[in-house]
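Some notes on the structure that comes next.
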Amino acid sequence: MPILKAAIIGGGHIADQNHIPALKALSERVELIAVCSRDIQKARTLADKHEIPQAFDNASEMFVGDNKPDLIINCTANNLHHPFSMQALENNCHVLCEKPPAINAAEANEMAELAQKKGKVLAYNFQLRQTPEYSLLKRALENGRLGEIYHIKANFLRRRGIPGWGNFTNKSIQGGGALMDLGVHVLDLALGLLDYIEPDRIIANTYDFIGKAGGKGLMGNWAAAKFEVEDACFAHLSFPNNASITLSTSFALNTKMEKNVNLEVFGTKAGAVLNPFSMYSEMDGELVNMEFPHLEETDIQLKNTIAFLDACGGRASNICNAAQGAILQKIVEEIYKSAAK
Amino acid sequence: MPILKAAIIGGGHIADQNHIPALKALSERVELIAVCSRDIQKARTLADKHEIPQAFDNASEMFVGDNKPDLIINCTANNLHHPFSMQALENNCHVLCEKPPAINAAEANEMAELAQKKGKVLAYNFQLRQTPEYSLLKRALENGRLGEIYHIKANFLRRRGIPGWGNFTNKSIQGGGALMDLGVHVLDLALGLLDYIEPDRIIANTYDFIGKAGGKGLMGNWAAAKFEVEDACFAHLSFPNNASITLSTSFALNTKMEKNVNLEVFGTKAGAVLNPFSMYSEMDGELVNMEFPHLEETDIQLKNTIAFLDACGGRASNICNAAQGAILQKIVEEIYKSAAK
Amino acid sequence: MPILKAAIIGGGHIADQNHIPALKALSERVELIAVCSRDIQKARTLADKHEIPQAFDNASEMFVGDNKPDLIINCTANNLHHPFSMQALENNCHVLCEKPPAINAAEANEMAELAQKKGKVLAYNFQLRQTPEYSLLKRALENGRLGEIYHIKANFLRRRGIPGWGNFTNKSIQGGGALMDLGVHVLDLALGLLDYIEPDRIIANTYDFIGKAGGKGLMGNWAAAKFEVEDACFAHLSFPNNASITLSTSFALNTKMEKNVNLEVFGTKAGAVLNPFSMYSEMDGELVNMEFPHLEETDIQLKNTIAFLDACGGRASNICNAAQGAILQKIVEEIYKSAAK
Amino acid sequence: MPILKAAIIGGGHIADQNHIPALKALSERVELIAVCSRDIQKARTLADKHEIPQAFDNASEMFVGDNKPDLIINCTANNLHHPFSMQALENNCHVLCEKPPAINAAEANEMAELAQKKGKVLAYNFQLRQTPEYSLLKRALENGRLGEIYHIKANFLRRRGIPGWGNFTNKSIQGGGALMDLGVHVLDLALGLLDYIEPDRIIANTYDFIGKAGGKGLMGNWAAAKFEVEDACFAHLSFPNNASITLSTSFALNTKMEKNVNLEVFGTKAGAVLNPFSMYSEMDGELVNMEFPHLEETDIQLKNTIAFLDACGGRASNICNAAQGAILQKIVEEIYKSAAK
Amino acid sequence: MPILKAAIIGGGHIADQNHIPALKALSERVELIAVCSRDIQKARTLADKHEIPQAFDNASEMFVGDNKPDLIINCTANNLHHPFSMQALENNCHVLCEKPPAINAAEANEMAELAQKKGKVLAYNFQLRQTPEYSLLKRALENGRLGEIYHIKANFLRRRGIPGWGNFTNKSIQGGGALMDLGVHVLDLALGLLDYIEPDRIIANTYDFIGKAGGKGLMGNWAAAKFEVEDACFAHLSFPNNASITLSTSFALNTKMEKNVNLEVFGTKAGAVLNPFSMYSEMDGELVNMEFPHLEETDIQLKNTIAFLDACGGRASNICNAAQGAILQKIVEEIYKSAAK
Amino acid sequence: MPILKAAIIGGGHIADQNHIPALKALSERVELIAVCSRDIQKARTLADKHEIPQAFDNASEMFVGDNKPDLIINCTANNLHHPFSMQALENNCHVLCEKPPAINAAEANEMAELAQKKGKVLAYNFQLRQTPEYSLLKRALENGRLGEIYHIKANFLRRRGIPGWGNFTNKSIQGGGALMDLGVHVLDLALGLLDYIEPDRIIANTYDFIGKAGGKGLMGNWAAAKFEVEDACFAHLSFPNNASITLSTSFALNTKMEKNVNLEVFGTKAGAVLNPFSMYSEMDGELVNMEFPHLEETDIQLKNTIAFLDACGGRASNICNAAQGAILQKIVEEIYKSAAK
């Protein structure tokens, strides 16, 4: 298999800490040839630190000449997921784009259509798919231990976790708040258990009381006066096969746990909780609780990057693909629409 | 204040264990003069055991002659809540009716209208309103500690609690399953925190997989072949003021806890959990968790009977009144309708 | 099925508290017609208390006349298990004899031979077979969840539990100490998991240091000067199929727990612990721990008496039968022989 | 006291991480002059890393010339413990040999005889003797707190700890499995409490079900097809003074704890548990449990190396000496023989 | 030994629940012949309930005629301890008086002097001396395990335990508040460890903030407006041998535990905590914590009544005697004096 | 604001680990120009390590020439706090002196007077004032949540924490033992809650049993033969407003916890415990416990150095000032006087 050439767009923390180390660790499959950032100084610093040959401040320059990338990692702000991914696809690159897919459904759709037209892989970096807990949950489901799943509670809740840095409270850049940044992760996991079918009914409510009121922050201090997004979102999704999902996500909520990321899954034969992974079922005529105390920690970014590369190489893979991303973004948009009623 | 004369209709467990002892303990305010059951033997046994002067097998007989009751406790099956309560109201009695109010919205409405026309108290026995935890929650809300409540998670979940006795799985008698028997309790509590306003949007799903499949029971063994109701129900209610409720209730669900009856309440200034009662807020610039380890146990049926008698005497009371019962029943009906889509 | 006539021999605590209540609760299957005790006053008191028609102080008298018993419950001291059970069998009665079967192997053998010759049921009251934990363990084994069992640790340990009453420290009456009184229970359970095959190699050690030294007692105070039996016994049994059992039992031992009654079972596919019941295995490629938090309490004497009556009626039953009792007693004897080397 | 010259034979992990750092930390008593490994590259790398002057791939070369070692640390594979220790003794060196002493009793005996003939110290690296818990246990025993020890349960159990590296499953190199690698540690500790007297009766069973079946590993993945040793061993040892030891050891066993290394010691006056250290006794007429929460962590290899150097210098020391090693190896051989019956 | 004749003065809860049952249980040593209460109806009810032959409402009547009591149990209010005990002593009766001895030092002194003059036993019912924990503490001290005790923290603290009944907040009847009712118990225990020597320096502070402010009560509701005593008292006592006691006692205090009754004892060789009993010392060169998990519950009133009867019979006894009572009352008075400075 | 020039006197651990890093981190406000130690080599090593331009072994040399310090950090032994602080003040420097202020009240008084005369800041490094717990306690007090504080228990207890290094057991250098080294910290915190008013009554006892007896040490081994100070001190302080403090401090005490540093504060409206911070009060008619699980760790030395610099700059600050230090030292002296009675 030939070694693919990769370039990074976006020079922030997630490039530096997650994507570049993963690519570097996979040097037998991928070669990181360039990094691009609006701020050329940032691009150069990253390139030096990680021994990447080229640094750009204009993505267009990467796509000219002989040494063009085969794939792009798009680590830009949410509102730039669409333009840079489109540009990369136009230039016949595979794309691994950070989540959420885009800031609205139309963008995600356009991106998926172009990927299909170009015959390139467009994928989204929902790396929580790669935890040992979710892998085990999928295996248990495939082995029939859960029976048919009919209800899922998907939670990504923070007590006071409005980041005090970045653009997390800016609606035009982010496209939304807790749902767009956090809720999409557990929504993706939940949809993945239901074969990513589309819901036919959605109802939702969003709130911004705490974000606008201000107060103690556990992830730095945020500017209450500039808080433009939802700090909490609660939704119910119903599917054509009568399955349902209750989604709860927050940047800030008056609740006990500092952070609560979890799925509760209810199947006809067993139920499961993701963190810590456990199952609830019947065995030999008695109710049984199962725990798995020896799951081993995993580098989930590394595993997700491998899944992307596998997809690029035409192999089966559990990466979030372009079609799934478009469905997810459509659901997100419908949640916001319902909440606006 | 004159002593009121009371009669019981329905000779089952709840009459024997809850209502009769409560009435007996309040002998300075109420005199229990009769008990009525379809099965005259049951009526007589109860009357003997509790030293009640009269036993009937026909409710009509109670309302003739001089020694007529001033109030009726309706402890019959769900589908008899309407006929016996109507009869009692027609005979100018106050009525304390067991929950749920009725088996559909039309019945509950009719009952409320007749009560109003007759100028009599019609009330429902949602005795969980009287726990020290809910009382404290209401006081905290009234004292402004929670700010404005915008989201409530209301749970009444059993892991394998389909009763192996009675009519709990018979749809025509009960009107429904887990929602009708269990969910109404926490729905009543949640609505009570929102001033019992009516939701403008409802979505719900119901299931009967485990009930129909059969298996290990923790409340006796149920007949899977005759299981006609929902074993689980999940709903989302949205209100005109943008508040929302997530309601989850089950007779049977593959989950860890044998029984989980709780409210999680999210307000602009604090959140609260009902059991064990705790609050989550900010104080002096830091996040604070509050626990109340010294709440004293209460006889909640006694307190609810007192609340009913207070209402009969024209005093303010936190009893569930006829209008609230009609709203609740309407919501239940809409939940079932949504789930049937 | 005809109602069997039963008589009790031995008027102590175990007759009064365990066997008589069980027989009385099974009045549709068995009628308790007599109680016999060396001390006629004891016999009469028991008879009066439990409304048993006849009281004797000489067992022979019970077997004359028309109203003879069909079955005998032998609740006498260990050294009387043999003579009274033999007498009952000779008189064509089924026998449920308290544990241990006898005070040596020859007695137990003789008893089994007579039962076979007479075509009567001779059974031993190892009622721990009837706990929900052991029942579940047997079911799990039969369903193949454990694979093949190859090692068992069987413990019945008390820290300072030398009874201060009765004959527990008298060797000629009891036949032995901790092994004879306590260890036989868990030995029976362990053998029951291995189809009661006989071991081909045994090594054991017994001790009496604490019993002879005296000290603080948690079951009354014992007479150290008259302590004639072992206070602790440790044995290793090896079976022809290479399975093995480590048996540990004590009346008194310098250990943490006041009482420790347990089996640890190691199979090729899973291991199990009896109390609280749990299993340790692999599932979907991960190590799993299983707990069963909803096992329901059982009246184990009642269940064991039913098992005995089933056997008397010719039905399959999990009662400890005469052949098993003889094997068990032979093993006990070999343990003592090994310890005496 | 003159500084002794030391050489290491065997260039693996245990040399690099344990023995060399200990010797380096004791530079006022010992000088590390050479390291020898079959693989000269390995030898040189180690020598460079730790600033050791000489590197060899042939042990014979170390013993010629002026700068010969006074002592040898033998860190080779089990089957090389004998040849290299013999060679070192022949060359008048003291030897600290890794455990187990050898792969059979004859080898260990020959080694002990040669050491005696040469007047040199031959010792084995059972470093668990140096934990603060075992030291305290020995002191408590010497101070009479336990009275006379009559039974010991010695456990070294792993749930799924078959190492996926090295030669741990190769019988000809290792001489055995869990017993040879793990069980010898706790057997040495237990024998040390009984003055290393020899047992007069042994019974044992060994198994290899899980090792041969394969499955999830917690110490890497092992090759089930090449698994030649026991994965579990259970033995009972009886001593002339009637003391007894129950030994349980496993590489793989369906049990709860990932790793369980412990002694339970039962004495006439008190019992003790090694980890965490605790004692169970009587005091002032009541049963007492004693805990020692402030034991300080120790560098057990350093302490064992000091004990060896003390022995070399003719001072009293708690190192495992040649005679003890020979007894231990004889017991191991008898355990295997009993298990093979 | 002759059977003593006893009479009870005071017909309240403590007579009915504690003293009469204890006397009844000791019928081989004492015969309860009369009960006396200001309220003759109360006296008669008690006499009937417990089958006591005589009932009086005037204590003087008991001391005339032939059938006079040998001993008196004084269960009256604090301010009647002195007059009734004096009367009983004058009439040549032994006296077991409830705690505190009296409401000031002069009274207690006078009582002690009269007892001595009359040659009768005057004792106080500090029954906490009889707990298994305090007995063990005394034994440990006598056996030298604690060395010399130099500091004691004595606590009897309630969070909100101002009794809503009785005279507990009335200064003229009770003589004081928390110290007089609760603190005296642990002060007696602490003094008992120091051989009841007298302190030479005392400093104390008392408070009544919560008592006077009112609020939530956990022992009924008290009348804040009539609260005349201290709700908390903190004192430091220093003794001629340089030992010291820190005494803390409260009816009401903003603290976590609902009730905290304990001694912490610091000796030169070990420290001890009373509840649950534990010791902290050194053993074999390490710090050791000792727990005693098997202490058996005791009927402490029964044991204290036996101790009193032993004293009456001239036998050694650990009852609180008249001299100790006088010392205790003097210390209490000095604490109040110091607090008033 | 001009950058102040700072010099360190005393080259020990606390200079190296605490003060120098704090000053270095505040380079925008202070410049560290010199370090002085009796041992010039120590001074030079510190200077090199932290890039401080000058090193002295004679403090006088620092105060000559142009480049004189504006402030001095006095990290010397207790008995040098006075001479070096006086010298620094005489040379018109601000002084941050380590705790305790001095070794007697006269010294501390003299220091305070000179500071006032010179118009310079003299402050003491009680850095526990800067913990998030104490800050929150002060805020809660200022916001009225505690009402009026009337009793404080202040503890700084070690089980076996006599340092095996330094001069901690030398009376002439240290001025005392546990009180002088540890107790002063919590005494300062407690006084800070009472506006640093002076007590009008004090009783205390001190002990040295364990220190003089020797034994196991948890902070190295101390020389029992040279132990000259108190190992434990218990005191009661009473204030003119009737508030009181119970102070307990020890280097060595037979108690459970290895280290116990805490305040328990009792106010009229609420009580508080410092570690972990919690409050006990009433809310909405019920007793409430409040916990604050999200307090963030703080660099308390850095915060205290900032507080000192603020004071030097004439800004309000919570640093322990010269007047407070003098009061504290006077109380310490009176405690020792009382203990010597």
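As written, the chains take the letters A, B, C, D, E and F, and residue 1 is the first residue of each chain.
Following the convention adopted for this analysis, contacts are C-beta pairs under 8 Å (C-beta built on N, C-alpha and C of every residue); 3 or more make two chains touch, one makes a residue touch a chain.
Molecules present, by chain and UniProt name: A, B, C, D, E, F = Gfo/Idh/MocA family oxidoreductase.
Treat the numbers as computed from the prediction; the structure is a model and nothing was measured.
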Task: Which of D-E and E-F has more C-beta contact pairs - done: E-F
Open item on the list: Looking at B-F, A-C or E-F, which one is a repeat of the C-D interface (more than half the contact pairs shared)?
Closed with: E-F
Open item on the list: I want to confirm something about chain B and chain F. Since they are copies of the same sequence, is their interface symmetric in residue numbering (over half shared, so same) or not (under half, so different)?
Closed with: same
Open item on the list: How many angstrom lie between the centres of chain B and chain E, each centre taken as the mean Cα position?
Closed with: 51
Task: CA centroid of chain D to CA centroid of chain E, Å - done: 61
- [ ] Please report how many Å separate the Cα centroid of chain A from that of chain B, as a whole number.
- [x] 43
- [ ] Could you check chain E for residues that touch two or more other chains and list them?
- [x] 159-160, 216, 218, 285-287, 289, 294
Task: Residue ranges of chain D touching chain C (in the complex, touch as defined) - done: 147-148, 150-151, 153, 159-160, 201-205, 207, 209-210, 213, 215-216, 218, 232, 234-236, 238, 242-244, 246, 248, 253-256, 264, 266-271, 273, 278, 280-282, 285-287, 289, 341
Open item on the list: Going by the contact rule set out above, which residues of chain B touch chain F in the complex?
Closed with: 136, 139-140, 143, 145, 283-295
